[in-house]
Amino acid sequence: MSSILIIILSLCSIGIVAAIILYLFAQKFKVPEDPIIHDVEDALPAANCGGCGYPSCKIFAEACVNSDSLDDLYCPVGGQETMDIVANLLGKEVKQTDPRVAVIRCSGSFENRPRTNHYDGASSCAVASALYVGDTDCPVGCLSMDDCVEVCEFEAIYMNRKTGLPVVIDEKCTACGACVEACPRDIIELRKQNKKDRHIFVSCINKEKGGIARKYCSVACIGCTKCFKVCEFEAITMGNNLAFIDSDMCALCRRCVTECPTNAILEINFPPRRTKTDEEKKTASDKISEKVKTDIKE
Amino acid sequence: MRRNQALTTYKKGGIHPAEYKLTDKSPVQILPLPEKVTILLSQHIGVPAIPVVSKGDTVKVGQLIAQGKGFVSANIHSSVSGKVVKIDSLPDLTGYKKSAIVIEVEGDDWEENIIQSTDLLKDITLSKDEILEKIRESGIVGLGGAAFPSHVKLILPRDKKAEALIINGVECEPYLTSDHRLMLEYGEEMMVGIRILMKVLNVRKAMIGIENNKADAIYHLTDIASKFPGIEVYPLKVKYPQGSEKQLIEALTGREVPSRKLPVDVGVIVHNISTAYAVYEAVQKNKPLINRIVTVSGKSLKKPSNFVVRIGTSVRFLIEAAGGLPENTGKVISGGLMMGKALNSLDVPVIKGMSGILVIPEDETKRKPIEPCIRCSKCVTVCPMGLEPYLLMSLTQNGNFYRLEKEMVLDCLECGSCSYICPANRPLLDYIRLGKTDVKKII
Amino acid sequence: MNYIIIIISAIFVNNIVLAKFLGICPFIGVSNRVETSIGMTGAVTFVMVIATIVTYLLQHYILIPFGISFMQTITFILVIAALVQMVEIMLKKVSPVLYQALGIFLPLITTNCAVLGVAILAVQNDYNLIESVVFSIANAIGFGMALLIFSGIREQLELVDVPEPMKGIPIAFIVAGLLAMAFMGFTGIV
Amino acid sequence: MNQWKNFSKGLFRENAVFVLFLGLCPTLGVTTSVINGVGMGLATTFVLLMSNIVVTLIKNFIPDKVRIPSFIVIIASFVTIVELLMQVYLPSLFDELGLFIPLIVVNCLVLGRAEAFASKNTFTSSVVDGLGMGLGFTMALFFLGGVREILGNGSFLGFKFIHGDGILLFILAPGAFIALGYLIMIMNKINKKTA
Amino acid sequence: MSKLLTVSPSPHIYGKDTTPNLMYGVIIALIPVVLASILYFGWGAVIVISVAVISSVLFEFLIQRFLLQKKTTIQDGSAIITGLLLSLCLPSNFPVWLIIPGSLFAIGVGKLSFGGLGNNPFNPALVGRVFLFISFPAQMTSWPEAQGFQTQYIDATTGATPLNIIKEGLGKGDSISHLMDKIPTYQQLFFGNMGGSIGEVAAVALILGLAYLLLRKIITWHIPVSIILTVVIFTGILWLVNPAQNADPLFHILSGGILLGAIFMATDYVTSPMTGKGMIIYGICIGILTVVIRRFGSYPEGVQFAILIMNGFVPLINYYIKPKRFGEEVKNG
Amino acid sequence: MGKKESSFVNMVITLFVITLTASIALGFVYEFTKVPIAVAKQAAKMKAINEVLPEFNNLPNEEIYKIVIDNDTLYFYPAREDNKLVGTAIETYTNKGFSGKIKLMVGILPDGSINNIVVLEHKETPGLGDKMSKSKSDFSLQFHKKNPENFNLSVKKDGGDVDAITASTISSRAYCDAVKRAYNAYIKGGKK
């Protein structure tokens, strides 16, 4: 039985010595660290994706703890829920940001926008855009070279090869904004996510005068202000020959869509219109939204 | 006297593309006046000039129409006489719209103080400051390609001193011959221009670097140089991109301009041959920079030629004068094959920095399909700046800008040697250029 | 001569990662950047040497005299864990710079079989104290070398187009395998 | 149903070797044959299960600061027990596995589970989790051992089905890495497809 | 405008080198070696070489087409080189059913797992060769004698390679001078008359290939020269110190695979450093490792291991050894 | 759930209790397994001895003695049947293996001929050198009943009588070396 005693004695003494030394060390070399950082980190999704703009979840947690307000801090992966938890933990207010989704504000498909030259360089929107105006005359239109597609980590964008325009798959988009950053032409905008993924927006960012814009592209916004006049919700603003629909104000009434003479306003994911007059006047956006649906199904 | 001397060149990298100097025997012709010119207000590096005329004004040849504001900027003069019909945004060489003045040509009415005779005026009467002012007023920019306002280069920082002036007569790009013809036909005027520059810079020595493939120019200039004290001609081995400032300085003096430093830091100033000629005209004849020699060339063109062209003339007009655009044209390039810009439209105007228009047939323009890098290190070997293009490209593609900066991407000359040599047809320079822009954004 | 044999054997012939399969988790996990692997190597060397010394003393002054060598595993790991934690706490306070460079790897190392493995191997091979220290340093260097080569290759692979299903860990294992194959050339040197 | 999910995640979705990349050293080190691999897997499963049980039972009595040392002591005790028992009942297997038996202690999988799962969950969940994780680990070792034995030795479970030798490389160190690399790739593909 | 202009970034002109050009250049450089080997080993060489080349190309095609589902790149010639070089370091009686797994490993594991041409960190032919060597040592170490054109294949007369004779002899305690009598003369080594793998028999053929590669500027001198010089110097030192235990440098260079490795394998673009300085470091290390393995290790031959090991270091060399940047050292006057 | 807080006393007590429990448990398992482990260890050796020697009825491992020859120490296990020496098992080794040390148990009959050989320990390559184990190939059978006096313990390549394992000359040579060592020790003084 004495060997058991030795075993017990030696192991226990090692254990206790370790405990005591550890305790003393912990006391002596204590470094103040905010335990709250740890808690915040726990609340985050730990994806370390960088979507928030910080290199890791831990650093983002530190940023949350150290900044006065959480307004500029948003974890796209965890979403509003997570930010609420973080805010709770820290006792800070978070700005209520509605869920957002990326939309492509260009309708200059091959059909709508004549090509004026042929590009033969490295296949990258950024390279082409830095080089020159692009293979159409529109200086702000989509270059169709997939920079946004490549940068999306969630495979939420694909390029429709028939139109030469990227398409966002709303369900997959996390509104991380990577594509917005990547697009050299600033075509992509994060807009409020409406129910059933419905969107109404001006799918053009060309600020040229109407005539010129129209020459480049048959569905350009020509700044005619018709939509502006028809909107009852003051969601539309005009500036530099361009209309803009504020997604936070828009009530999705669809009045502006039919008003637009160039079909520059798109309505996506709406049920088809039933009135007879609209049948013949089927808008470009209808066509595109139908196309989107079939594409996704494929 | 230097004819038997061993040819020098720079040490590192370089390539040897085909030369295609089709027009080196074609004397410079004066191009007829066009009906209309479009003068861009941003033809130089720096702040665009501000218009000082308005729509409807009549202007004379050589009249100031836009003024350079700010330290790095340049004046712009009317190259024709006539009526200002439009001041608007118009596509520049990249197709993006930039401010421009459109003048409809009426007659050829010059400003009175411009001396139009072709007599050689050899005596330099103006003082150093007066010369400098004259150069600034005349809107002279570097005609070697970068179009950097010349007067800025001539004002040395207080603590720096130039020991020598280097004149860049290398013209290492394929096809281009405008500098070559200028050296042959206006050699003496150019020499006077060099003397003027030497006076401003207060240097005793000027070195003209000319590549060995322009033997006639070397002989010619060596002969007349004996009449101009301090000026010497140095024949150089043919190697691209010898025309680049840093490489030329090394070839001639053995000194290397350190990264992100200017030539003055090693005691030299570099000017192009055409710039020297423009300086001569400005100082001795009061003539601002309103025209330049442009090589219009290409194997498919009927009449490849060297033209004296008024700034603002449309490229289409030039090509018509050279026999019209051939049916099979694929690319029209402003500048040389290695560094030039491909144009997306012929309706763009000639600018001060445009040294040539090249018309390239369709079958020669196609880029070959990109293949994976086989790490052959040829791009590393040819890079004159000692960079690693293959790495810079993939770092750019991966968005690793921090490392990109560390790998000195900003030193890249954009000479294109790497893309030229790559056996896998990789668009190295396309991405490196992008990388440079991105790095500049973060630092 | 004995020391040289120990060193060459541990670094090249019986490389701890490539031939002995110890410390694979951090080898695979922390090897995507050349810089991190340098930090990791430093931390491993540090911990390995200290752990080997302490466990040597433990083995020869407690376990063997009391005849309880079967308790090797439990006592060694307890001591190593406590030690690493102590070092971590201390570093944080004494040298924040060093902590930044090495400290973040320390918790990882506790659960790294390389450290315990080397400690046990040193005992199994009947090394004396100095030999044990040399052995542990050599193993740490061997670990570091493998890690460095590996991170270099992985950093390069990041810039090229590896087939999608092979990306990341699978290709890392293939590289490790080919590397191990190359290192078999050292067989028989000692 | 829920417990089934809890159990099966260890087998596939969160397989220690193929997905989490934990416990790689024994995985590579002992899989020269199926028997060795499975033996190691079961030994690990035993330790994992027992330590999960103990940890979940006493989790409330352990102060945070000594959590890790306590867990380690618990795990190490079970490892030592396995060591002792194996020497009695399976001495030849014990010799084959050698160093890797004591190294179960530092198998990141075991400590990781104790820390991440057992210390936060109920008794049943912890048992199920331990079993699932352990069997997932065993399964991985089984596959790797199988591939290496078949390719490297031309036999399966000791039964030789070709005449002569196999491809030696797969028995040796490099083969372990390479075979595991491809197994992980295949597993990735399967996981992706079922996702 | 009827026809659209093409726009692309500069430059607008390209050199003549293309990947296939370079690869076929290497194949041409290998022709003398192939001819010499057929001359010495006969049908065995023909069978081994053709099986290796055909199976390599076929595997490249099949894997790219059906597993990776991308465009095949067999036309660029790199798979042919891999097959050729793999076969050149096999014995001429190597069984066909083992060559095939060899090329599968070389192409599948060594090259295509990484994504194909340009991505692989290790030289595929050597990966295949070392795989075979480790997996099938018996078959890999039976060397037919080079006896002029022979018609037998698997059952060719075998003998030991010069390096084997030395290694075994030294192991038994013989001295070099004694052993030298048993091995071919230098002249034989140079023109090719010794047991060994297919491609290493005739030094002169390999040197012809080197000349061609250098003339066409496919490779630079850095790697071959630094390897060979290092081996000469290192073995020279060993030889001077103890001539009884070490063979002389010329023997080391001419026997075994040093020339084949230094000229064709260490120079593989994909797996060698990118700068001159880096290449020299790489070459020196290969030289040293080769001699260390030959002299102190279990294997009589060490080049292939040395090259593979250094392949592993190449990314680090590229990471730390940079070309001399322009303007790095300021030379003012 | 309410965890215990990390006060000093709490920490020490917890660790103490845990180590105490652990050590008690371990102690008992150890006590319980101590004897069986020793038996199992002996069993392995006994099995080898049994295999290399003819029938005997003593306990060779209790009569173990060692012989020192040229700095080598070898252990001898004499086997007797009814007190008559029927053979000696010799634990021998070599360092010349392909991957280092090889340990053999060689059984030698009183007339000096080899009865049987068993490999105790080796690190040779599976598929090559490991064929010297009886379970892997018949290599070791050729030594059966051979007397080294007229059976040259060298591989044929070196002029001996031993057929080497294919492609494993080195291992075969090492094997012979170990057997030779045992035989020499036996001849030079091990015969008791």
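Things to note:
First chain written, first letter: the chains are A, B, C, D, E and F, and each begins at residue 1.
The working rule: a residue touches a chain if its C-beta (ideal position, glycine included) is under 8 Å from a C-beta of that chain, and two chains touch if they have at least 3 such contacts.
Keep in mind that what you see is a predicted model, and the values were worked out from it rather than measured.
Common neighbours of subunit C and subunit E under the contact definition above: A, B, D, F. With centres defined by CA atoms alone, the chain at the far end from subunit A is F. More C-beta pairs in contact connect the chains of C-D than those of the other pair, out of C-D and D-F.
Subunit A and subunit E have centres, each the mean of its CA atoms, that are 52 Å apart.
Taking each chain's centre as the mean of its C-alpha atoms, subunit B lies 86 Å from subunit F. Each chain gets one centre point, the mean of its Cα atoms, and the points for subunit B and subunit D are 70 Å apart.
Centre-to-centre separation of subunit A and subunit B, using mean CA positions: 44 Å.
Contacts with at least two other chains are made by residues 68, 70-71, 74, 78, 82, 85, 160-161, 166, 171, 174, 178, 181, 184, 187-188 of subunit C. Counting partners per residue, subunit A has 3, 7, 10-11, 14-15, 18-19, 22-23, 26, 116-117, 120-122, 127, 131-132, 135 as the residues that reach two or more other chains.
Touching two or more other chains at once are residues 341, 344-345, 365-367, 372-373, 391, 427, 430, 433 of subunit B. Listed by chain label, the pairs that touch are A-B, A-C, A-D, A-E, A-F, B-C, B-E, C-D, C-E, C-F, D-E, D-F, E-F. Taken together, the subunit D residues at the contact with subunit F in this complex read 32, 58, 60-66, 69-70, 73-74, 76-77, 80-81, 84-85, 87-88, 91, 152-153, 165-166, 168, 171-172. Interface residues of subunit A facing subunit D in the complex, by the touch rule stated above, are 15, 18-19, 22-23, 26.
Subunit C makes touch with subunit E in their complex at residues 34, 148-149, 152-153, 155-157, 160-163, 166, 171, 174-175, 178-179, 181-189.
Interface residues of subunit F facing subunit E in the complex, by the touch rule stated above, are 98, 128, 157-158, 166-167, 170.
Within the complex, the subunit B residues that touch subunit A are 91, 94-97, 341, 344-345, 365-367, 370, 427, 430-431, 433-434, 437.
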